[in-house]
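Shown next, in structure tokens, is the structure this report addresses.
All chains are identified by letter, namely A, B, C and D, in their written order; residue positions are counted from 1 within each chain.
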Amino acid sequence: MIEFHGVWKTYPDGTVALQSVNVLIERNEFVFIVGPSGAGKSTFMKLIYREEVPTKGQISVNGFNLGKLKPRKIPYLRRNIGVIFQDFRLLPKLTAYENVAFAMEVVEAPRRLIKKRTMEALELVGLKNKANSLPSQLSGGEQQRVAIARAIVNNPAVIVADEPTGNLDPETSWEIMKLLEEINYRGTTIVMATHNSAIVNAMRKRVIAIDKGVIVRDEPRGEYGYEI
Amino acid sequence: MRFSTFSRHIREGTKSIIRNGWMSFASISSIAVSLFILGVFMLLTLNVNRFADQVESQAQIRVFLELDTPEEKIAGIERQIKLIPEVKSVVFVSKHDALERLRETLGENADVLDGYEAENNPLPDGFDVDVFEPRQISIAAEKIKALNDTDPDRSIMRVRYGEETVKQLFRITNGIRNIGLVIVLGLAVTAMFLISTSIRMTIYARRREIAIMKLVGATNGFIRWPFFVEGALTGLIGSLITAAGLLAGYAQVIRSTRLDLGLMMFDLVPLEEAFWPVGGTIVGLGTLIGIFGSILSVRKYLRV
Amino acid sequence: MIEFHGVWKTYPDGTVALQSVNVLIERNEFVFIVGPSGAGKSTFMKLIYREEVPTKGQISVNGFNLGKLKPRKIPYLRRNIGVIFQDFRLLPKLTAYENVAFAMEVVEAPRRLIKKRTMEALELVGLKNKANSLPSQLSGGEQQRVAIARAIVNNPAVIVADEPTGNLDPETSWEIMKLLEEINYRGTTIVMATHNSAIVNAMRKRVIAIDKGVIVRDEPRGEYGYEI
Amino acid sequence: MRFSTFSRHIREGTKSIIRNGWMSFASISSIAVSLFILGVFMLLTLNVNRFADQVESQAQIRVFLELDTPEEKIAGIERQIKLIPEVKSVVFVSKHDALERLRETLGENADVLDGYEAENNPLPDGFDVDVFEPRQISIAAEKIKALNDTDPDRSIMRVRYGEETVKQLFRITNGIRNIGLVIVLGLAVTAMFLISTSIRMTIYARRREIAIMKLVGATNGFIRWPFFVEGALTGLIGSLITAAGLLAGYAQVIRSTRLDLGLMMFDLVPLEEAFWPVGGTIVGLGTLIGIFGSILSVRKYLRV
């Protein structure tokens, strides 16, 4: 499903964000990415949906070979990937409903389906009653849930979630985790970066630990932590 | 493109104009201002052209006959001139008419002619000849002169058509036309620049939105479309306002100057005649400029 | 120092974010604000630095009576308050250094002092080596630390921190908490909204719990939780 | 304001122009375009005014005396005319000169004067009178006529100064001046609109920055200053470019048309004379417009 083969990432300013990363994530896996701030977690995720390109090495995602992917084809790669961004990236002028529906309009889904699935997704994250609020009228956690709804609405093959519970209280966080687990059971691969040790330790999924750009640990039913 | 997608682009483009509020207002206004200036110059050019045509069409050939040419002879020459294909009309001007005319020309100085009356009129008989096409006036004049070649009496004394005056007039009207063209072109380019600038600003203000669209899997074509719609609509609205205002204003000008200019023997291009060329050009150009501006800007932005 | 007296906040769209809040926070206190997502924590903080005005009730902060405060005087209120925003609010076109220095330039501090204190603040949050990076070149946690440096650089009387460890790994979070504790010892009042139960439970400071806009608990050496 | 703060505002304003890249470029270009059109019309107006003055200053009073006025009398009247304060110069035109002139005026029709020679010249003696100030020409003419009142012979037969021609000329030159003024004003307003729009857009693009400045305790004055600097600098740069380009172009025009127009007895306003009025107006107006645009926009924004 997702394969990193000898991947290096050096940013133009010289920062080495990832070094010699080899990872194979199978279809339907649930993977936590952990590591200290600045370790390279977000970089790892950005490489998956091709917001960044590797300096060296091969990446393939859901059958797309990213090294050979023509720019014209990038949209079709991304339609298989639902992304929850660390900084939400909601459109400030669109309501919660419109922000979610947006992701479906963009892939030219039929209108009736858009309406149905958008409301379903908002309901799943518990924001049906805030559908018509603008992001500036939502609390931090509510914005994060809108971002989650947007990521799942298209039923993607992979969900890439960067710190999806960073702004949520423990209860809501658990609800979101249950939601992601449910989605995972239904066949979606999930890659999630997090600092929340309680969640990682309780869920006992595969944990990939990154420190200073290097994968220091990769355990099938791991715990939170990034010491070698 | 499926119909629902197409209608989404239209909807999004329209919504975005409304949502952008004063930013759209600014774009529309600058389109309107530019096209208005353009329109004013178009109307000016139309009217100058019309005026030039009128002046040109008044250019005449004057034929003077030898003194004491007999009347039958005069009638014969008149008939021969009428046979020249370039000639539209021939009017006989007797030496009496000619004296009156000279008096008029001299105006307050006419007293020098006191004492010249019918019996001692020193002026010759002649014709005023109009041609169909002012530019053929010199050809016609040459042909009239050539009538002498087949006439043993060589009755035509002189043929004059103010070569210099006519040539100068052509030079002036051509000059006005060219200056008009240059100004109109310059303004069209300015307008295009302003519009593409304001659309670029619109896109700049929406760079977040574009980035997010790309990240959730929108194709470039899909991203571009609403901007085209927005550009075209902005251009269309701006130019419709301009065209309506300009033509209404022009109708007013026509109404209020009919008497004044009528006295000067000149009438403005009527509204019906100006409506399509001016209104059509403004609306078409505004829309094209809007689309073109958005193409340029979107291209440039999506490449980044 | 900070006093809320019968404060209500209803947003224009009808959302009641705070109801009849009475709170007195003394100089030099360290207060955690806890509560579920959408409880009204951020609203509470926004009222302190007058980003929002109460619908009803009195608020006074550091001697300023916010109800009677003329708009012209708002900047002088805010100079006493260092704010760490839930969504960072860094300027994307300024480097980390410039983002922090900005807060000092704005209050017209002398240039030499700006240089000195900005570097000190960046060092405190561990970002001296990223001083010249733009926010887009920083990881989520790094951006959050820049926001913290900006809040403390002016040596404010109060620091209002909205979820300052939301995007940080546990280690960095603890470093930040130590930093805030240190600043608190030196005499700065600290009000911090958080979802991090580990931190709240370990630090044993005053905890104010809000749920659905109502203060449900206010304990001197409290624990995380917001049940009545 | 402390000096370091002041220099910060200058620095920030300048940096922001550079950082904004093409957005500043767009503002500067639209200022430049507008001011350029303005400048062209200013130069046109200056030259039309100069031309009108030249034409006006050629307006003359022509005085005709009764036939057979004796020479001493003529000399006396000449002296009297010279005493009129508005009169600049008096030239005696004998009836012989007058006949020659009439021949010239008639041109190809001059043959009607054949037979009139020195001995039977029907024309009167007279004077050509120049005045200092063309607008006083009718006053001077009245005063000359009034000389008859104290002259028992009433030797002055007629005083003519082409009342109609002069009045019409005044009407035309006034018309050109007014049209020029209207166009210049219209363009100035357009330019101001464009600039304030682009500054508003700049501010719009920086609304986050402004919001954060407010939240960290900046006073409104402090927030405004860099925008004023930016507006003023944008205006200044745009207008300096325009002024330099325009005046360099004008110098070129002067050089290349010196001969052509010289033949027409008309010379363009020299560069030295146009430099300060045009260059100064453009630069001053550009800067003012920039400042004014930012004041308007910043006010509006900070109120929100």
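The rule we apply is simple: a residue touches a chain if its C-beta (ideal position, glycine included) is under 8 Å from a C-beta of that chain, and two chains touch if they have at least 3 such contacts.
Source: prediction; values computed, not measured.
S.K.: Going by the contact rule set out at the top, which chains touch both chain B and chain D?
M.R.: Shared contacts of chain B and chain D: no chain.
S.K.: Among all other chains, pick the one whose mean CA position is farthest from the mean CA position of chain A.
M.R.: D
S.K.: Distance from the CA centroid of chain A to that of chain C, rounded to the nearest Å?
M.R.: So the centroids are 28 Å from each other.
S.K.: On a C-alpha centroid basis, what's the spacing between chain A and chain B, in Å?
M.R.: So the centroids are 64 Å from each other.
S.K.: Quick one: report the Å distance separating chain B from chain C, using the average Cα coordinate of each chain.
M.R.: Between these chains, centre-to-centre, one finds 69 Å.
S.K.: Hunt down the residues of chain A that sit against at least two other chains at once, touch-wise.
M.R.: Residue numbers touching two or more other chains: none in chain A.
S.K.: For chain B, write out the residues touching at least two other chains, lowest number first.
M.R.: In chain B, nothing touches at least two other chains.
S.K.: What residues on chain C touch chain D, complex-wise?
M.R.: The touching residues are 49, 51, 72, 74-79, 81, 83, 85, 89, 91-93, 102-103, 105-108, 110-111, 150, 154.
S.K.: Mind pulling up the chain B residues that touch chain A in the complex?
M.R.: 2, 4-5, 8, 19, 208-209, 211-220, 222
S.K.: Per the contact definition, I'd like the list of chain C residues that touch chain A in the complex.
M.R.: 11, 13, 15, 34-39, 41-42, 86-88, 133, 137-142, 145, 162-163, 166-173, 195, 197-198, 226
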